[in-house]
Amino acid sequence: MSFFLNQMVIGIQLGSQYVLVALGLTLIFGILDISHFAHGHMYMIGAYLLYIVMVLGGVNYWLALVICMAALSIAGVVVERAVYRPLRGQPHINSFIAAIGLILVLETLVRGIQPDALRVPKPIDKNFSFLGINMEVQRLIVIVGAIVFIILLQVFIKRTRLGTAIEAMSQDREGAALVGINVNRMSALTFAIATALAAVAAVFMAPLAFVSPEMGSVLVLKAFVIVVIGGLGSMKGAILGGYLLGILEALAIAYISSAYKDVFAFGVLIIILAIWPTGIFGGRD
Amino acid sequence: MTTLLAVEALTKRFGGLVAVNKVDFEISSGSITAIIGPNGAGKTTLFNLIGGSIRPDEGKVTLEGRDITGWKPFSVARGGITRTFQTTALFEELPVWVNLVIGHRMRTRSGLFDALLYTPRARREKKETTREVMEVLGFTGLAEYADMPAGTLPQEAQKRLAIAVALIGKPKLVLLDEPTGGVGLEETDGIITLIDKIRASGVTVCVIEHKMRMIMNLADYIIALNFGIKIADGDPQSVCQDPSVIEAYLGECIA
Amino acid sequence: MKKYGKWAFYLLLIVIVALIPLYLNRSKSGKYTIQVLTMAMIWAIATLSLNLILGYTGQASLAHGAFLGIGAYAFGIFVERVGINIWPALILASLITAFLGMLVGLPSLRTKGPYFAIVTLCFNVIVFKVFENWTWLSGGLRGQKVTMPSYLEARWARYYVVLGFLILAILIERQIVKSLLGSSFIAIRSNENLSEAVGINSFRTKLLSFTVSCFMVGLAGGLFAMEKGSLDYTITNYMYSFYLLIYLLIGGAATLAGPVVGTVGLYFLLDKIKGIGEWRYFIFGLILIVVIIYFPRGIVGGAKQFWEWAKKKYYRTGEVLE
Amino acid sequence: MRLKTIIVLTVALLMLTLGFASCGDGGGDGESVVVKIGLNAPLSGVAAGYGQDIQAGIEMAINEINDDGGIKIGDTTYTFELKSSDDGMVPEQALANANQFVLEEGINIIWDPTANTIGPQMGINTKAGEEFLIMAYTSVPLYAQGANPLMITMPPPFSIYLPEWIKLSMGSGWMKVGMLQTTGAYGELWGSTFEKAWTGAGGEVVAKAPADYYTTTDYTANLTTVLAANPDVLFIGGPSDPTALVIEQARGLGFKGGFIVIDQAKLDDIADITGMEALEGAIGVLPVENGADFWPAMTDFTKMYEDEYGERVTWETAICYTGFMILSKAMEAAQSVDDVEAIRAGFADGDVSVTSGDVYPVGFEGIDDETGALLMPGTSTMVVDGVFVPGEPIEWWKL
């Protein structure tokens, strides 16, 4: 029983990073109708920023979190302005191609500057035990931190004027434009928030693994699958889907086969979509 | 006159809201039937139920005595009912004539092997399609636009094209959802004439319309809906004088 | 008259392409170019297959990398382990791919748009993982060897085989998209709900398009195995699905020339800039972004638009002159 | 206006591309004949560092030979030039690169350091008129078993370490192993070879949860699964960085036992990341610098490498350096730089087989002429009390 519980906690921790990245993706998709496949590479840039700020700059971890969020959201706005805005009104698949181009550019650039994988120290390098679960404090930070930022995002969306404007736009883009919401400003804001969330995920996860140019490519694939399973544009769906995939993976490793864990996890997702063709929480076509 | 379409106790609920509530009516062949009612009365939902894009919770739809309840849209179309949509739906980036070719697809049977080998059937059907397209272009007065992408046509021509696409499949019944919506007053007459012509060619018409004056002159039979319930039906004069209709329309009908 | 001119142009084009190996085969480096062209044409067949389902039917399949691999392995296994002659093996491999495509299409084509793209991508990941881990199937480290008969030993011989299949693939696609069936495909791409309302069974039509598309990509896979002489699990990588998508959209979706131009052009470019190492991906990425922003309908689509624009301009000045 | 921008941009882009493309060609100096050697390796992506280590070894050897005036065959002096091509570990790409080397560059010796790309090239390297010699850097045993008449394999096959590793492990009283090596064909081959030897020696495999070391960043789920079966020792390994992560995370979960680390992972690189304390009880291949205990030339070589590249040397670099030196001797013995069959035969000739660790950083005792495997000993190690305790070099060809 303790083993099962342990595996569930690991699944939730895996899921936490998926949720943070998937939330950004689903916001961008819901509001701008863009398949921002380069989102994982923004996450990667976030991890490098953390390295620069914290390891090279000697800044405190929590302050570094804020700096990375701010810096990466600016990067997100630049990407939106330079790559995606010229594509507005084009077929959906075109933004996907642009995103692949962006992935190639970012990954090659980073590897060209720093070919070796880097390490970021943990802010609290300790372990803790609870109910027979033994794990690093950093993992607790990931789990709790993800929940905090999910709540912050919900508060922002539901309680602030900008947030409600974003929500209105994700539900009805043309209607939002009609009632005088500035579409350009909203897309920039959306990208800023989404990439800030990616920065959060990167800052939380970086101390647990390596900072490397390809760290975002597998993550974004999973995040995208999550967004689709939950229903494109649905934040509820992204949260549920993220934790679901994390737990599925952890359980597949424990009880089925670690080599075929992706086969199992992705197979379940195909079945879910065959039953709910527009994701668990509806979403749009 | 024989009954073409019969709707019995048709009901559809969305959550707590009953969009269409136990509606009964019949459409006789060769007639023009109008469905009227204020916004949100359930008119378009009724069309969607008949057309098969949503499934009814209760009730029955029969076409010439055949039960077509819950059929998929394409089966309903092949069964003999085609429709237009409230927000004009067209194959926008395709030329007008291709729109019509697609509309005629359900009358042709060429498949993969006909396409690959260009069989006699493919040849025959291509010829037949061309002939039909020319005829419908003429019938609806769209010949001058034949090569233009449908989305670039003027609003009124788009409405006529939508009707043409529905007609070319040779339906028994066409459902027209606000065929004159968003069209200027002078151009409305052109569409009324077209609807008359359609009836004259032997196709039964059922139309959702807001412009009461137009309906009074055009329709043989009117069904009035409000809050998903049929509040009145009959010939134009009697429906117009029905107190519940007057109440629903705040007297607008008198005009 | 105009019609004959067009056919004459195509004929001339085929003759030129058919003559290329005669010139190239004289030197060793020319032989390498023949090989690059052959590979480019194989990829072009795969891109054409994607064009049918994505360009004409509007369903973005991201599983074509998997189907390419399945076709290639089916061919390899038939030839090497079962011992069938290569030509029936090629047809069988394509049929098997088409059949699997149909099985995959049954659940996945119930979804639309991005949902379909992700379902097919999931399928591709699954196939990739299975081939990676199931070494009996994939042949493990050494991969699956595919022995070719001696008459296909020379590079130019394979060039002509592949060229023949490429022309066949273009013809097949042309026949389909110009037919009444093709109009059903295009209708679904344009407006699926309206297609249903005018009596087109969109699910069956999409399934047919997907199956035919898988047949073609299976064929490309078989030719791939024939050209390479060996296979390994990386051929099922979903990166290839992305590459096909790039070739198609940069070349121009929903045109017949676009997939060929895009694939041959980009494949050649990537081969030529191999010497600059990793930075080639940087350049490639930049090209993708710039082309997709300035030529949203791809190279061929853009050229067509330019042609229309120039024609209009010419006629207008013509009118003024009169 | 807009059209103009488009045209300008396109032209600029094209010129940029062509400019880069033409950079690749450099001219030779014409004083002597230049022999080109091909390298087919991952130079981009996750394994780029590995490819660069190989490249460095060959480059160092080439520079040294060229600085000494090249090799003399008859009256002609030959110098070398390395042509590298990125295959990203994709066999299809490796095949295309090999063809390009042979047909466009006239190369007939190709170095390849990844097991999955070597296999397919063995299918094309004997084709008449397009022969090339594969210098295969791979420890996969089946390649060292005479798989191809025109192939030389370099590091010792990994199976030779197993008896000693199992002895070290069971000597510490560890009988229960949990397996968490990398997935894919290479990992699976290692795993099955190990499992057979382990159970054959009376050990028990209590749990298996291999992971894809190239894409996984978090091994906790795998580790808890394996650790739930209470193993004494973990069989792990893939590229060094993720292997270090596995060790770190295993210790984080409270695992106190030992590790058996497959040869792809380098214990010294791992120690840099985890520290020696976490590595206690790790069994694997001896770190390259400790090779100086057996082969004196290693000391100088290590220093030379560090001066030039600013990093610590790897086995890949040292072995490829030595391998290239042996290759040049084989060419002299064969009296040819392009007759690949003669060169292959030349490896077995007099002068070539007597070179040893006194001259080159890695010990070498000739070639197994049957199989084409260079006879370089492998050495294992175990971390005891924070120190790499070396074993004796395993002269596997004598076993």
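Per-chain residue numbering starts at 1, and chain names A, B, C and D are given in the order in which the chains are listed.
In the analysis below, contacts are C-beta pairs under 8 Å (C-beta built on N, C-alpha and C of every residue); 3 or more make two chains touch, one makes a residue touch a chain.
Owing to the predicted nature of the structure, the values given are computational and were not obtained by experimental measurement.
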item	value
Required steps from chain B to chain C (each step between touching chains, minimum)	1
Most centrally placed chain, judged by C-alpha centres	C
Centroid-based (C-alpha) most distant chain relative to chain B	D
A-D compared against A-C, more contacting pairs	A-C
Rounded Å distance between chain A and chain D, as computed from the means of their C-alpha atoms	36
Where chain A and chain B are represented by their mean Cα positions, the distance between them in whole Å	46
Rounded Å distance between chain B and chain D, as computed from the means of their C-alpha atoms	72
For chain A paired with chain C, centre-to-centre distance based on mean C-alpha positions, whole Å	33
Shared interface positions of chain C, touching two or more other chains	133, 278-279, 281, 286-287
Per-residue multi-chain contacts in chain B, two or more chains	none
Touching two or more other chains - residues of chain A	108, 111, 259
Which chain pairs touch, all of them	A-C, A-D, B-C, C-D
Complex contacts: residues of chain D adjacent to chain A	44-46, 48-49, 52, 183, 208-212, 215, 217-218, 220-222, 224-225, 228, 241-242, 245, 252-254, 273
Chain C - residues contacting chain A, complex	54, 60, 107-108, 110-115, 117-119, 121-123, 125-126, 129-130, 133, 242, 245-246, 249-250, 253, 278-279, 281-282, 284-289, 292-293, 296
Contact set on chain C toward chain D in their complex	28-29, 31-32, 35-36, 39, 132-133, 135, 138, 140-143, 145, 228-230, 232-235, 237, 269, 271-281, 283, 286-287, 290, 294
Touching residues on chain A, where the partner in the complex is chain D	3, 6-7, 10-11, 13-14, 108, 111, 115-117, 119, 127, 134-136, 139, 205, 208-210, 212, 214-215, 218, 249-250, 253-254, 258-259
Complex interface listing, chain D residues touching chain C	6, 9-10, 13, 16-17, 20-21, 23-25, 43-44, 48, 84-86, 89-92, 95-97, 99-100, 102-104, 106, 115-116, 119-120, 122-124, 140, 142, 183-186, 188-189
